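Provided herewith is a single structure, encoded as structure tokens, for subsequent inquiry.
Chains: A, B, C and D, in written order; residue numbering restarts at 1 for each.
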Amino acid sequence: MSKAKKIGILTGGGDCPGLNAVIRAVVKRAVSRLGWEVYGIRDAFNGLLSSPIRVESLNRDSVRGILTRGGTILGTTNRGDPFHFPLQSPDGTVTYHDRSGELVEALRILEIEGLIVIGGDGTMKIADRLMREKGIKVVGVPKTIDNDIAATDVTFGFNTAVEVATDAIDRLHSTAESHDRVMVVEVMGRDCGWIALHSGIAGGADVILIPEIPYDIKVICDKVRRRQAAGRRFSIVVVAEGAKPKGQDASFIDKKPKSGMPRLGGAAQRVAEGIAHETGMETRVTVLGHLLRGGGPSGYDRLLATRYGSAAVGLVKKGSWGRMVALRGTQVKSVPIGEAIHDQKKVDPSDEVVETAQEMGIEFGG
Amino acid sequence: MSKAKKIGILTGGGDCPGLNAVIRAVVKRAVSRLGWEVYGIRDAFNGLLSSPIRVESLNRDSVRGILTRGGTILGTTNRGDPFHFPLQSPDGTVTYHDRSGELVEALRILEIEGLIVIGGDGTMKIADRLMREKGIKVVGVPKTIDNDIAATDVTFGFNTAVEVATDAIDRLHSTAESHDRVMVVEVMGRDCGWIALHSGIAGGADVILIPEIPYDIKVICDKVRRRQAAGRRFSIVVVAEGAKPKGQDASFIDKKPKSGMPRLGGAAQRVAEGIAHETGMETRVTVLGHLLRGGGPSGYDRLLATRYGSAAVGLVKKGSWGRMVALRGTQVKSVPIGEAIHDQKKVDPSDEVVETAQEMGIEFGG
Amino acid sequence: MSKAKKIGILTGGGDCPGLNAVIRAVVKRAVSRLGWEVYGIRDAFNGLLSSPIRVESLNRDSVRGILTRGGTILGTTNRGDPFHFPLQSPDGTVTYHDRSGELVEALRILEIEGLIVIGGDGTMKIADRLMREKGIKVVGVPKTIDNDIAATDVTFGFNTAVEVATDAIDRLHSTAESHDRVMVVEVMGRDCGWIALHSGIAGGADVILIPEIPYDIKVICDKVRRRQAAGRRFSIVVVAEGAKPKGQDASFIDKKPKSGMPRLGGAAQRVAEGIAHETGMETRVTVLGHLLRGGGPSGYDRLLATRYGSAAVGLVKKGSWGRMVALRGTQVKSVPIGEAIHDQKKVDPSDEVVETAQEMGIEFGG
Amino acid sequence: MSKAKKIGILTGGGDCPGLNAVIRAVVKRAVSRLGWEVYGIRDAFNGLLSSPIRVESLNRDSVRGILTRGGTILGTTNRGDPFHFPLQSPDGTVTYHDRSGELVEALRILEIEGLIVIGGDGTMKIADRLMREKGIKVVGVPKTIDNDIAATDVTFGFNTAVEVATDAIDRLHSTAESHDRVMVVEVMGRDCGWIALHSGIAGGADVILIPEIPYDIKVICDKVRRRQAAGRRFSIVVVAEGAKPKGQDASFIDKKPKSGMPRLGGAAQRVAEGIAHETGMETRVTVLGHLLRGGGPSGYDRLLATRYGSAAVGLVKKGSWGRMVALRGTQVKSVPIGEAIHDQKKVDPSDEVVETAQEMGIEFGG
């Protein structure tokens, strides 16, 4: 009797609504339909480098009920590049080591033919290198809540994040209006402003600040004052966390202080202080941060993630290693991982969506 | 001083989350940015055929706060084709009249240059005919909660409907599981199964029945029994209202009985009775109907509707009459109205999304 | 070493959001804090009468993640009174048997000291009888989504049902308004109108029909016409499933036809047909049914259910068998089960909440 | 013909979901049912002290559609005690003046018989003083999102805040679990921990910190470590904004810095830093702040607010000036305003709800 095909699956980088839906789809198709074995690897690549190895065989029961759940049952991490693996010595100093050989060996022992790797930019770069340098077979599933991968029209998790942000902006509207306040709300988006752009238009924001369009605080304040002059004594400002004033880079935002705890709402705080100082109006800051990343996926994201997971198994079945699934128009296709990782999808200031926002009277401050 | 450009706007057919967002976008861009006048016409074309004419000039205040609201501030109706207008005589008999000439005259008197017409198949056909036969200038915005217009990848309202349906399926899951029941839930979709397909996958349904794939009740019951044998003593069946058994057309569904009130949940009821009869299991029916159509739009639909509204004004501005806005991939484009109305987008049983569902073990009963 | 105290827990009757939260609270306090053993009994009392017995020892892992989940991990049923247990003979005839002795024996074998019984009226009557006639120790936790138990101010699940119903009424509002329709929405409440009353006021209904106030269809139509005359061309009618016209009992509603499938929306359908017939207006029916019962509990219900579960263990700990937990004002207290079961809490037509509704212009049709 | 009775209505203090529902109920009953005139006064008492006076006659149209909307159509403010009214001179210095006489005069000119005052502690104190010292007739409606008024069991807005906070905690759960993090979430509650207590239990928090129980950071860290030792590598900490460490008052929280912008999440930040420092675990802070206050009210709050509004008119009708509406058990009653304002309802550390939390294993850190 021939042995069952064995593949591994892992999730890397920050969590994102829909990860579990991908895992479930992979297991449903690979195990229930095709009779393969699927090994879930804990905490990105780390599970293969631990002693003992942290992997578990996944079956129908493992994925029961997870379609609607946020997070990832496999755990995830941003740390643990096998080519540059951090090891802490007893005196606290951290050194980095190439442990990719151990990873190859772990896969050999487990008789895993190849990996389905769900992750963002960083994870895909590791996958690509593992493939090129170590001959490990991989299929990729793109994951970025920021929707900033050029190779695909949309990534799962983004829709959920936009909906949660839009709901929050709706809530802030009524309190802004009742108190004649400027509400500044910060959403995710360190390098790309997609979440701010979409939720800002959907939430009827007055100002949207994104990393791609450095802002002039005076232009923002002019907008706020024009609204006041027209009898609209409140304003809603949506700020991506990477938004920055003109003539400055974002390095002033102390993202990773030594304490390990990022400063809360640096970009929004700066904007709010600027508006308060220039206009004398009451301003209030809300930072949505982890609320956008956590929680169950929307129906849209559950469907997209399910399609991605199923398509990834389809690629493995056809032996199309080295490819990443991607949505193009209404269809899931695939692209070479190597190409996918080189191209970040930033907001183009002349894009139709930005223009739409401008036609709605939304100020970008540029 | 030259007079301001004047355009009219109307909504036709069944209501749909996002209609108000389109209206708002049109007014914001046309009135606030371009200085035009926008006349809102009541109840589709009917407002132009009433005496007195029911139109109102729309401004910023008219559209304040409507981005998040369901329905349409202009009212809408399925009845009132100007070429075939129903008139009821005192004895109750209804006769039909061509009143398109009155409509032309009304627009002339109001000095309206052209119309932005938001509507589905039926409304677009009227618009197309008004254009071809009467020389009325129109720009179209597609509206169908069923997402069944081939000319565009997505229509607003569809996402909201899928999300509401998915939420409902989630709720039914827990009660099905606790009581070992088969829950049959009916969603909209007389001719096309998109809502059933998307919400069924997103909600983790076990069976999805759509008009495009006539079902065999025995195949459905086999699925339910196989689940029982595997210890899953409940099932979720999502049924489009136009789903029909093999070898029958849907005419058995008495959609418009004389009383004027459609029979409730005909398709779901028939499926539930079939399953109860064949398997002896407890079945329960839920009909979502108007819950999917009413209510505020999702963030996704607000954005799409806003882009459509803004783009429609853009077409008018360029003088591109006779075209309809459409989403292609990630961009809003335009297509000729005449082409758009001939092509309904049905679910192709070999489509990747249907295949994904099948790989997830979902039964279509065909 | 003394053996751990052992108790059983079961859920009876229809499911209700919050059941799992009660189970979790019982296990957390009894097992984790007090070191007892807790046996979960499947499908109400049936688990003790099956062969083999269907019970499972519950621990922290059994209840992980269930706080937010609807339904009940123990399963539930409306059938299986141990004193009157249905048995089907091979020819299909059903006979009833007193199997309470077997139940006593099962508890003895399992060394279960007593039961925490979560259920409604019917379940509590069985519990009371088991206690009086068979000496079985029980503590009760009231469960009724209809909130119709006089002994407690509120029961869990009711708040969730009212919120879901209110959301649905909100959705129907916009579609009613856009189409000039009368929307008739049916909510649960066979004997008591609490859900209809609360959700109707919260949703801004125009008419509320409850079992406690038989209605005159002409009075309802007058209200609808008065609204039309005042320019409000739509109306929202909230109907409890047990609402009935004056001079009739509700027996015309064929609740349990032979097929085993209740007729859908009998009460709402009748009202809608009456209004359509009298006023000629378009009416549409929506039946919320199982949507109110399924799904995750609101925060309010999670808290209440948790307090109930913890308090039930407190009663067992003090040896206060024969009592049922109850909310009085802001505090959880306890009452004798025997008293609790005799008193159904109906809506009093002169209650302050009904009066409030009337002051809001809401018509009860009485 | 006798002139219609005239009353005024205003909202004071921070906004709160349900304010509009109270206003709507007052207008519906007073205007539509009783034929009175109701004047809406802008921005708490300020509308009566402006020149020109900012009041508007409210009718059915004024309150249409506001039942579901957050905020207050009348505007509100925390500043503007008529007995101690701030006036800014051109050089920026602020002086305070007794303008209560002007207020009396404004009411006399408007022929307003008395006021329905919706507000919290501060607003009620002003109302009480206006009544005692100036003979102004008032009826009070309690408003505090913190639920900290002893005279009533519940205030509207609190339920909405708890539900929004519970939803947020749910979202953070999945991200905490996937990343092995400690998520610290701050909710409102400067003096009282009700929101933290209720949402913390409902959301399944591991630690709840409230102003009434000063915490020891070491006790919190012990809890986090015990969870880790048991394989639960994440924790959820819910912190009221007024939570403080033992032996310190909360004055270290710089609530109102000169810039006018409060520091974001002071209490949560301090706790998170403490945990990160003691345990070395990754911690993340989320501040819900204004999200809890803004947005539409839950069905529960809409009902309660409607009952309050109607009951307030009932008090005016009976001439029961000087009283405040209040919920006691299941009924709306009334209490003297003077008594109501003296008694803040803090969380009693021996309360049954706190005990329930402790039985669930929740740590208060005290």
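Please note the rule applied: a residue touches a chain if its C-beta (ideal position, glycine included) is under 8 Å from a C-beta of that chain, and two chains touch if they have at least 3 such contacts.
Keep in mind that what you see is a predicted model, and the values were worked out from it rather than measured.
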**Q.** Shortest path length from subunit B to subunit D (each step joins two touching chains)
**A.** 2
Q | Maximum centroid distance from subunit D, chain identifier (CA atoms) | A | B
(Q) For subunit A versus subunit C, what separation do you get between their C-alpha means, in angstrom? (A) 41
Q: Could you grab the centroid distance between subunit A and subunit B? Build each centroid from C-alpha atoms only and quote it in angstrom.
A: 32
Q: List the centre-to-centre spacing of subunit B and subunit C in whole Å, with centres computed as mean CA coordinates.
A: 35
**Q.** Interface hub residues of subunit B, defined as touching at least two other chains
**A.** 170
Q.
Quick check on the complex: what are the subunit A residues that touch subunit D?
A. 14-15, 19, 69-72, 75-77, 164, 168, 170-180, 183, 259-262, 264-265, 269, 272-273, 276-277, 282-287, 289-291, 293-296
Q) In their shared complex, at which residues does subunit C touch subunit D? A) 25, 28-29, 32-33, 67-68, 153-154, 159, 162-163, 165-167, 170, 198-199, 201-204, 298-300, 302-303, 306-307, 310-311, 313, 328-332, 352-353, 355-356, 359-361
